[in-house]
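Lettered A, B, C and D in written order, each chain numbered from 1.
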Amino acid sequence: MKKVLIANRGEIALRVNRACHELGIPTVAVFSEADRESLHVKRADEAFCVGPGPSARSYLNIPNIISAALISGADAIHPGYGFLAENARFAEICRDHGITFIGPSPEAIRAMGDKATAKRVMVDAHVPVTPGTGIVESIEEARAFAQSAGYPVLIKATAGGGGKGMRAVHAPEELEQSLNSASSEAQAAFGDGRVYLEKLILNPRHIEVQVLADAHGGILILGERDCSVQKPSHQKLIEEAPGPHLSSAFRSSLYEVARQAVKAVRYVNAGTLEFLGEGEHFYFMEMNTRIQVEHPVTEEIFDVDLVKEQLRIACGEPLSRGQQDLRVRGHAIEVRINAEDPANNFAPAAGTLTTVQLPGGPGIRVDTHVYQGAAVPPYYDSMLAKIIAHGADREEAIARMVRALRETTIEGVKTTVPFCIEILTDPEFIAGGAGIGYLPRFLAREARVEAAAAR
Amino acid sequence: MQSEDREIDVHGEIERLVRPLLQAFDDSDLTRLSVDEEEFGLEIVRRSRPIGAVERAVAAEPAQQIPAAARHPMDVLAADVVGIFHGSRPEAVVGQTVTESRELGYVEALGIRNPVRVGRGGRLAEIFVSEGEPVDYGQPLFGIEVGA
Amino acid sequence: MKKVLIANRGEIALRVNRACHELGIPTVAVFSEADRESLHVKRADEAFCVGPGPSARSYLNIPNIISAALISGADAIHPGYGFLAENARFAEICRDHGITFIGPSPEAIRAMGDKATAKRVMVDAHVPVTPGTGIVESIEEARAFAQSAGYPVLIKATAGGGGKGMRAVHAPEELEQSLNSASSEAQAAFGDGRVYLEKLILNPRHIEVQVLADAHGGILILGERDCSVQKPSHQKLIEEAPGPHLSSAFRSSLYEVARQAVKAVRYVNAGTLEFLGEGEHFYFMEMNTRIQVEHPVTEEIFDVDLVKEQLRIACGEPLSRGQQDLRVRGHAIEVRINAEDPANNFAPAAGTLTTVQLPGGPGIRVDTHVYQGAAVPPYYDSMLAKIIAHGADREEAIARMVRALRETTIEGVKTTVPFCIEILTDPEFIAGGAGIGYLPRFLAREARVEAAAAR
Amino acid sequence: MQSEDREIDVHGEIERLVRPLLQAFDDSDLTRLSVDEEEFGLEIVRRSRPIGAVERAVAAEPAQQIPAAARHPMDVLAADVVGIFHGSRPEAVVGQTVTESRELGYVEALGIRNPVRVGRGGRLAEIFVSEGEPVDYGQPLFGIEVGA
């Protein structure tokens, strides 16, 4: 690999730039007119403006990005996350131009990008997916499914949408009536009364498994991350590794399934399998065929550099270590510092950062592209920085994160810093293992407290 | 760096603004400096990268070359794709009068020729790029004094 | 421990503040009038101005510091490093006022603070010290010593000073004549011709061992640090752990000796034994009875929080782990970013920091008290920040440090950043294991290169 | 916050400087703000710590209490040790004339009484501390209008 073009912006562009420079590989940045003063431009060895502010005309502008790679002599492109990272066509175009796409094959991206295909592939590989039926033809069939999957179950209309023809069923005696009423409602709403059943997972946890696979059949399963603290929009806000309170039986089953899945897809490079976890069970949701925002927590507990591994794999090198060399080291937590207002439904903010003071000291890693005086353009996602805290155990990691967030001073836009301190000092979060219902519940509780205070 | 079609007293503005700015810019680590006054907009760019290295392409050269008497608005033709610049034949020459729609050059990108055409006709005041030079999005290529 | 007063400033005051806050212990800062806007004041729970800018009237003002502790109800004082950290009288005064001094006993501080006493204690504990003789009475005695200690040896005048009566002897045949001429010279200079011999260590490495010991006899030997990259003033500039190219025999002998030394001194709390290393040999220099500037490299490779351990030990708790629980994890390097001009004999600079952009990303830890807009007062030491890079091996740690230093932008004063990049990319440093003569040699080489360029 | 012996137009200065500064200070997170103009020095302190919490001790109270006509220089007696403040008997009262060397109070530190004595005599214009309050180095204790 002689030169890498980084087809991204923000902290992930810097993350990739760091990995390249540590390996002695020169880099090419691309940037929009709104990002001219961005750190990712300054830190790269070369830089090309590829379009105006809006992503569609710059960071998604495939011809300009490919042209920049060809002109600069870059023989590989790292797509980061978002933008073109899971665009199979882009990966193909790279291949057509003799440029190494640092990620999996276009075929793997395409297969995992289509949810139906991904689910079929995983079922074939004996990966558990949310149990469900085809069109229910009889009450007996429905009863048998509910019996085997366990209550509660969800009745959904084939033609459904907007909650019409949908019913949650919590006990056998409710099943028949719910089925009839759901079917009638669907018939009335869509002219199609057909329904099917799915297992209803009430308050699942978001558990994902980081994998690395090389072109020689080497596979590393790098444990799980718990990303259950999600905004109502399902965007992750706080992630941690390992997942708290998981049994060793759960873990070994999860890792074995992840290994099967990677083999089934003949996956090469870094990827993440996302699951819904409930008690001792887990169900495949989707596979992300790229590096993820929250990859640092895995890096911290396994002492591995995932982006460097991506580069090595893309060069055709084998993985730098074997599964038996991996050992979990303590606990790591990541908090996303976003330019948004949690009190106003996480509305994103743009502006100029008048003060930026970031935390440091033992166990604290900061990944950011912002600096004092930097502009936050309105075009892109609102993440300003990731703070990663590592500790000997979860308790120490949380204590470090709280003190690190208290050290963080970002002025000029509203940020998620104070809100995240509230979460990290909340007994339910501290107890660990809360599901994806936790944050919406926390918000509702806070709203009640405020309403009570206002009375 | 889009077209600039207000009438300006170039010489006066150079005296008042550009000289000290260039000095300050030279002394700084800035790569780009923008000024947006009521009667005058200016952007100074330092291309510290190995490719496309036209130092202070936008401001410095016009400052030296546009005659003091010039009072015509200036259209800047910029690249709208990333690629390699080539001049078209017959070669455009500074000082020449160029007419609307004339192809002054093209940017070759992924094997495709993207022509650079004159918008409003006038006097070709500036050529900011050289033959075979890589250009990125928005990079100024030609300056046309409209109506000159 | 209910409340800790931190009797220091700068990054170490913040370091201690972080450890206290992570353990839930409130803190009291003390500050001079020059440090009113310092981060260590802002981050503490309470703060007392204890005097004007000059240290003698503020950070060394024992009555005001003790009074601040008593008034605020602090039941312990952490002295950091420098200032009062190795002042046995201060430790005694703390004890007299019922305040826990977070460090060893006054007796241990006093014993190790006096070089002659320290050396005698160590010799008694079978710790190797630089071999030497008493007054040499005969050429045979000198020959016997030189034979056993090995050439080269150094002849020194008992009454000596300024190099008078001093001779380096590199071979047996030079010994007699050197002895005679040294004695004559000493006689002429001081009216006292008596001389003694010491082993001459030509280009030693500075190798130090970090120890922790609790009040229950528990001892942890936390490996060594190599701090051989020292300015001509012998101030350390770059430190790393583990020491490169040390044999396992050297290490096990070093650790065993360190354990003996700790036992001999009945040492409790964190301390560092400094040795001169030469080949397979090492010789005790001194023991520092405090936390050291370069402690983070040890923290990184052992995953231990030394300041928290200091607090726990001072509370009478046993060490958090046993020797068998320690495992070296990769390699760590620390670079001191000082406000000084390496081109001008490292002259310190004061001023206002107009830009402060610090590095981040994987494997990078930053310990600093500075921020954009902060003043650097003229009264104190010139260290602005410590950058610590950790990697899977020394090569990765160096690569990370270089890219981290390239990311670092501090404007307003001259700093050691560019100079340290030169060191870290110098083949002799990269090869590893250079002695304390390395940096002076590097400076001379650079000076020659510059002189040649000027011709 | 050492003694200030230039003559100042207190009322005018309050109008010009102190009011907007106090407003800005209130709106800020600052804990201390210094102004050093030719004819006027001022320091505003916010003691956000639980102990010794006299909000804006130095500036706010004099601003309210020194009469507009006052044109006398002000000596500020400050603590030179860290300790607990106590008033001396007989108790000093604002408005009182105090003579040179009189002990107005003392700072008790490590069991030792460190007396606070009047330097130049005058009118006791201000008491910045209360009985039993912890004080740190340089903290203003009394303001004396010299020659009043």
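Here, contacts are C-beta pairs under 8 Å (C-beta built on N, C-alpha and C of every residue); 3 or more make two chains touch, one makes a residue touch a chain.
Note that the coordinates shown come from a computational prediction; the quantities given were computed from them, not determined experimentally.
K.L.:
Please give the intersection of the contact partners of chain C with those of chain D.
P.N.:
Touching chain C as well as chain D, we find no chain at all.
K.L.:
What is the chain whose Cα centre is as far as it gets from that of chain A?
P.N.:
D
K.L.:
Taking each chain's centre as the mean position of its Cα atoms, how many Å separate chain A from chain D?
P.N.:
Each chain reduced to its C-alpha mean, chain A and chain D end up 58 Å apart.
K.L.:
So how far apart, in whole Å, are chain A and chain C when each is placed at the average of its C-alpha atoms?
P.N.:
44
K.L.:
Whole-Å distance, chain B centre to chain D centre, using C-alpha means?
P.N.:
That pair's centroid distance is 63 Å.
K.L.:
Out of chain D, which residues touch more than one other chain, so two or more?
P.N.:
In chain D, no residue touches two or more other chains.
K.L.:
So which stretches of chain A touch two or more other chains?
P.N.:
none
K.L.:
According to the definition already given, which pairs of chains are in contact?
P.N.:
A-B, A-C, C-D
K.L.:
Which residues, counting only chain C, touch chain D once they are in their complex?
P.N.:
33, 36-37, 42, 45-52, 58, 63-68, 70-72
K.L.:
Would you pull the chain C residues touching chain A in the complex into a rising list?
P.N.:
Residues of chain C touching chain A: 14-15, 18-19, 21-24, 43, 296, 299, 303, 305, 329-330, 355-358, 360-368, 371-372, 392, 396, 399-400, 403, 406-407.
K.L.:
In the complex formed with chain C, which residues of chain D make contact?
P.N.:
Residues 31-32, 49-51, 81-84, 109-110, 134, 136-139.
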